[in-house]
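Each chain carries a letter (A, B and C) given by its place in the written order, and its residues are counted from 1.
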Amino acid sequence: MAKILMKGSEAIGEAAIKAGCLSYFAYPITPQSEIAEYLAKRLPKIGGTFLQAESEIAASQMVFGAAGTGVRVMTTSSSPGISLMSEAMSYIAGAELPAVFVNIVRGGPGLGGILPSQGDYFQATKGAGHGNFRFLVLAPANVQEFVDYMIKAFPLAEKYRNPVMLVGDGLIAQMMEPVDFDNVASTPQGDVESWATTGCKDRETNLINSLFLDPLKLEKFNDKLADKYNRMRDEEVVYEEYAMDDDPDVVMVAYGTTSRVVKTAIDEFRKEDKLKVGLIRPITLFPFPMDVLRNLSAKSHVKAFGVVEMSIGQMLEDVKWATLERKPVEFFSRKGGIVPNPDETKDFIKNIFKKIGA
Amino acid sequence: MQYEITFAGFGGQGIMTAGKFLAQGAMNHGLEVAWVPSYGPEMRGGTAYCTVVISSKPVGSPVVKNPGIAVVMNRPSLDKFASQIKPDGILIINSSLIEATSEREDIFQVQVPCNKMSQEVLGIGRSANIAALGALLGVKEMIPKEEIEKVMETKFGKKPKILEDNLKIFRDAYELGKKQRKNA
Amino acid sequence: MKTIFKRPDSMTDMVTHYCPGCTHGTAHRMVAEVVDEMGIRERTVGIAPVGCSVLLYKYMDTDMHQAAHGRAPAVATGVKRVKPGLIVYSYQGDGDLASIGTAEIIHAANRGEKITVVFINNAIYGMTGGQMAPTTMPNQKTTTSPYGRDVNDVGYPMRMCEMLQTLRTPSYIARASLHDPLHSVQAKQALKKAFAYQNENKCFSFVELLSICPTNWGIPPVKSMDWLVERMLPYYPLGVFKTPEDEE
């Protein structure tokens, strides 16, 4: 089979199956109900488990239960639904279980809108729920990449026994792009008998739990989690460099859909204005590509950074921290479901160059 | 090389399908493509649209403010999209339902009686979208027209009569478009 | 000139966004008429749900509060408890009330909150494009029950009136239908009763209205009315299930 033209949401569903995830619990919400609708058709045919829960609270607790048995399991939702899942997310991290969550982010807060947004950056990277825990957060920028990272998400979740979240938006979920499933292969799952609730025949009993009444033990457990997140910082950072070869004066930072717009703006700007601008695109939002940005901020050729988001300045804070604001960090955003267009993004780049006097 | 084409019309006019056929054909031809539908509140007004981006390199921004080409199937779409086309762009107008043309003089406008061309073959206007697609390829052969024909063969393959009718509509419209091809 | 038909004062002149044949508009109007007739417009607060009727707040010319998905009875409780002089009602679909909001509706009823709940049962999720609801009929095809609702897998449709009836706390619980004019008149009478009980500070009141969704059922409006009669009415019997006067 060669490339097929596929809608993002359906590709996400198919990718989960290809990743070996045959268990899915969810509650409908625009703009990603098509993932549930796709899996409602597919999973019963291949012996998988599809269940529409009565709410996102329940869907995520079903994921908690299924993850406890050691199977590959996922749920998908959009912003308001993800908020309702934060309780289960915290328990899943607290019980050290692998599970995959997909957030097709829409405009907020509250009921907001249904169009593309990146307003859940803080929630995904820093505040998914109560207590000391982190998600490993992946932000693919096109349908093929979504498929590729869906496949990687499950082994990553298993490696750390920690939930992994993929974030996208309605544009990626609704658009069709070519997808190649030929080169995607699921990684075999490791042995889960040492911890999963599969029934204690011929072994010691297993317990899925996040209760620690002894503060010293809880502190120790928190330290263990901290180690885990530090290991992610060491081993899992992924980012893309675009137009960075000729030591650009201005470095843009953008992820997901926004990064695609920035790329187009960079191409056109370089052609028209003959000035050097490049892009660092975080693919892991946590762990954030801290080192590359910090190193760049110390380079003499870099005069300024430019951050573009579909939110009011969330990743911006990470960029400022990463660069220690050694160079000015300029910011441009559209919100409310509006995707920045290449022209206004180009104007933003132009203004940065004006400011640094080029 | 990059083309951006917006297809717009009422829901039910096959707008999304016309875009998908083009995207599929271009992908089969080895090009990079993205098919981006309108979704959400804007669809409630009755106008649906999709944008197809065809490129020789990976598609950057899937959001297109000013497409090079627009195919409009109803009057509200003409009013909305004619002004957005890039200078020197192309506007295909379904003249069966739209009497007007755009006042712009910096774009190339082609009137195609899409519903009529469908009616002449099928008795109904259902394949007006196929006529529009044929005319578009005639005016601007972004990919060989055979690629679209192949897509139609796979989509309608099980229904030979429907395939044959649609191929005829597509080819007639292609010829009509080709005759009007700008000699610039 | 004598006016014999006009828009209720409690409604705005906004054109609704509903699909052709949808019964949400009828239900909105009935609620507004009851509010008008009881002369309570200026002390009414409506709670809009998440669902097709989320825009209720645009159509009602009274104070309104838009709630999160399923939480309307809890929001209504908050309003009513701190302002007992207000008339507070929630208006909710079957996904909103019977799925994600099951806990809130049951506990509001059990506490005997002096609020009124208007429950639209159209056997499907309208807003999100036709997924299965707890009220979806056996074997009914929806986008998330593509092979038909399998009662062995996801259970039988939930009968909310019958469930709420079992609570010991006194309440008014009724089911009516909007499939023809006669039944619609009865539906309005039930709504009037419900608001009257609240106005007398008597009890929690709940009116379920059987409704249609031609778009997501994929059935033209008139045929949809037949479908309601043939498929829904036998399973969802109409009538009053409980009144506060009932003996305990």
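Assume contacts are C-beta pairs under 8 Å (C-beta built on N, C-alpha and C of every residue); 3 or more make two chains touch, one makes a residue touch a chain.
If you're wondering where the values come from, they're calculated on a predicted model, not measured in any experiment.
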item	value
Dominant interface by contact count, named by its two chains	A-B
Chain whose average C-alpha position is farthest from subunit B's own	C
Averaged-CA centre spacing for the pair subunit C and subunit A, given as whole angstrom	38
Computed distance of Cα centres, subunit B from subunit A, in Å	35
Centre-of-Cα separation between subunit C and subunit B, whole angstrom	44
Multi-partner residues of subunit C (each touching 2 or more other chains)	none
Numbers and ranges of subunit B residues touching at least 2 other chains	none
Where subunit A touches two or more other chains at once, by residue number	30
Complex contacts: residues of subunit C adjacent to subunit A	50, 54, 66, 68-70, 95, 99-100, 102, 125, 127-129, 131-132, 134, 143-147, 154
Interface residues, subunit A side, partner subunit B - complex	3, 5, 30-31, 113-115, 142, 170-171, 174-178, 257, 260-261, 263-265, 267, 337, 339-343
In the complex with subunit C, residue positions of subunit A that touch it	27-30, 33, 36-37, 40-41, 44, 51-52, 54-57, 80, 110-111
Of subunit B, residues touching subunit A in the complex	20, 23-24, 27, 32-37, 39-41, 58-66
